[in-house]
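Here the chain labels run A, B and C in written order, and each chain numbers its own residues starting at 1.
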Amino acid sequence: MTILALEQLSIAFGGVRAVDGINLTVEPGVVFSIIGPNGAGKTTLFNLISGLYTPQAGRVRFAGEDVTGFAPDQLARRGLSRTFQNLQIFYHMTVVENVMVGRHRHETTGILSELLHLPSVARQNRSTRLAAQAALARVGLAAEAERSAGALSYGALKRLEIARALASEPKILLLDEPAAGCNAVETQELVGVIRAIVQGGITVILVEHDMRLVMNISDRIHVLAHGRTLAEGTAAEIRSNPAVIEAYLGIHGSQEAAHAIG
Amino acid sequence: MNVPTLIRHRLAPFAALAMIILLLPFFFPSAYYYRVAALVLIFALAALGLNLLMGFAGQVSLGHAGFFGIGGYATAIGPTYLGLPSWLSIIAGAAVSSLIAFLVGRPILRLKGHYLAVSTLGFGLLVAIVLNNEARWTGGPDGMSVPRLALFDWSIRGSDTWYWIAGGTFLLGAILARNLVDSPTGRALRAIHDSEVAARVLGVDVARKKLTIFIISAIYASVAGSYLALFNGHITPDIAGFLRSIELATMVVLGGMGSIIGSLVGAAVLVVLPQTLTALHDYEHMVLGLILMGFMIFLRQGIVPGLIRAFARMRT
Amino acid sequence: MAEFLQFFFSGLTVGAVYALVALGFTLIYNASDVINFAQGEFVMLGGMTTVFLGLAGVPVPLAAVIAIIVTIAIGLALHRFAIEPARGASAVALIMITIGASIFLRGAAQVVFDKRFHSLPHWFGADPIRVGGAAILPQSLVVLAGAAIIVVLLWVFIDRTLLGKAVIATAANRLAARLVGINTRKIVGLSFAVSAAIGAIAGIFVTPITLTSSEVGTMLALKGFAAAMLGGIGSALGAVVGGLVLGMLEAFSAGYLSSQYKDAIAFLVILAVLFAMPQGLLGKGKVERV
């Protein structure tokens, strides 16, 4: 069963059709990438999927259920998680506390027991902390757990967001330009992290500009242009699609793609 | 448990605070000091509630004295017109404050930034206007007298008794606040402070959490207001007024947003200062304005976090 | 009918004052995103300074001019010492700074002047003019005319002068304005100076009717803000419309419903606007990109 299906999804901002009639389906357990030039509507599409925007037309189906127009926290409770292009880190909290917030949907304590710090709350805090530390380990940040989040490097913060999203044990993980601002080494580490995530059974949907990463890791690629679908297929198909090459990869991009695959 | 573990225990700072509260009276030359200290603790309780809302959850309320006033007038109206014993009126006041916080909070907390600030300001002023106008119940601008708290035939009017009551309640309030901060809800609120959108996509019901903390902070203010009214034996609509709201907000800013002890420090400064500067009584407003401006411009994190940071830098 | 007209005129008069306060808010908000809570104190300072200079023997017209200059100086000082150092602070921090400033100015006025109510002589006598059974004070007409002239002058300035264009540019995009060579700091300072002048003039004009005291600033600030919100924060025309509408709402509800809760109208307006139409009557909705 497809884990995510978009049907004729559309939204316009003041006359500009940011996303225009998008159809796509995502099978579980794959890395599905969405690419396209700036302004193609990729982040808007992400915001639509993750409930930050409400579509003006079309449907979103998550594991068969119609979740069109659902609020982000409702989607989170169903197993959808995401990272942000412009980091949304909780800078006033420590690294591990950031990830602990990711456990929120699994925490069951009520306000009264929290005020009284009943043993159930202490137990919850402990198990949440353990799960958070495990998530940090998966992205290689275990050593930074007690540091203030504001002290971390940009690349580390990107991984922190991933750890935080992972901590919620999602079925789908939306990664919004995870390689943006990362150097070649960090990007390569990212490949390993994403592969490990998928091996753990999570579906990863990626918005990315870094063609090397995209071609390397994607099972399917969906190309957007001006809010509409230009093409969809495997990395090899997209790489050799003339329309895509011409419009979006350009000369340098297609060379990079050839390096990545060949 | 050995000593180091005890010192590092979660509640160790509160044990220290309890010690201070217990030992401080030995330094009081007269009953007057009990009175000032009791006032500090009462305001600290209200400031603590506001701090939970402003410092931890990152919201703002410039009308919090409204709840302060509701709690105060509950202890005046309850016994006088409804035949309720004072202790029950305190609880009734807190219940009314919670209800109003629930009704007002749901729409208001959807707002952000200066819209939230001004609408809370408007709310506080509305409460003050109602208290001013409904003279039949509230005695109008001149206020009304508040029957003393009576427990088991014992009328509580001494400053020393109120010092212990206020001290104990503040300690309790501080421990509850600490518990809340160290809990899933506390983390969710701190997350909301830094990034509402990220909190939301992690499954936090932001609207509900904000409302919860708004109600809790209203209860703190309400109980503090009740105590103030019972302590003074008299109440006027000023208790819910604009200046009172700004005083409370200034206490939070001064002491340190997000610092529980900071609430006590902020209250101490703003209660003690006018007392020591009685000669400068006329300059009260100017001083309040200067303090608020000064801290918001130059030392936005407040005294306690500022000191902590200074110590941390000295040690490295 | 006479009653209706009476309320209409008193609503128009007080609405004109709210409109001027709201205009001051809008000017500063547009140039710097700051909600200047001390706007009400500018009105208070205009009236009170004139009164006390008059009491000290200065002829009232001269006292008025001096009062306006003093208020402008205070507005500039507010910008220079309280707003500029806090540039980059959050909206809430800035509003708290201006609240602190307004409390400071109020306290200073209580010390320098006093806490009582004061008046100024009516410009054209205190005999009311009869119109259709209603009585209008000549001073009301002064207030309305003054407000209209100020609005027109402001419009001419913004629309027809280079400096006015610079203000618009700063309001639209501060960084871009700086990149084309506009000294945005001076522009924001100018907006404070002009708002202070507008407030002071409003205070001087209306004191014969409403009296003045060191305390009037707070309520005026809130009502001016309510008017600005009603009209659409950021819209100068909206500020004027909002002010007049708020004045009317107050006058008619005081007349036909309850005069005790007159002051509550403004806050109910704020809340209603924020929930029903946050962009106000004339404001433009903003599109937010995440």
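Please note the rule applied: contacts are C-beta pairs under 8 Å (C-beta built on N, C-alpha and C of every residue); 3 or more make two chains touch, one makes a residue touch a chain.
The model shown is predicted, which means the values in this text are computed figures rather than measured ones.
Using CA-based centroids throughout, the chain positioned farthest away from subunit C is A. Compare each chain's C-alpha centroid with the centroid of every protein C-alpha atom shown, and the nearest one belongs to B. Note: centroid distance subunit A to subunit C, computed from Cα atoms, is 49 Å.
A separation of 33 Å divides the Cα centre of subunit B from that of subunit C. In this assembly, the C-alpha centroid of subunit A lies 41 Å from the C-alpha centroid of subunit B.
Listed for subunit A are residues 52, each touching two or more other chains.
Chain contacts: subunit B has residues 197 touching two or more partner chains. Residues of subunit C in contact with at least two other chains: 290.
Within the complex formed with subunit B, the subunit A residues making contact are 50-52, 71-73, 75-77, 81-82, 84, 88-93, 97, 100-105, 107, 109, 111, 114-117, 121, 124-125, 128, 164-165, 168.
Taken in their complex, subunit C has these residues touching subunit B: 35, 82, 85-86, 89-97, 99-108, 110-111, 218, 222, 225-226, 229, 260-261, 263-264, 266-268, 270-271, 274-275, 278, 290. Looking at the complex, you find that subunit B touches subunit A at residues 176, 179-180, 182-188, 190-191, 193-195, 197-206, 212, 258.
Interface residues of subunit B facing subunit C in the complex, by the touch rule stated above, are 60, 62, 107-108, 111, 113-119, 121-123, 125-126, 129-130, 133, 197, 242-243, 246, 249-250, 253, 282-294, 296-298, 300.
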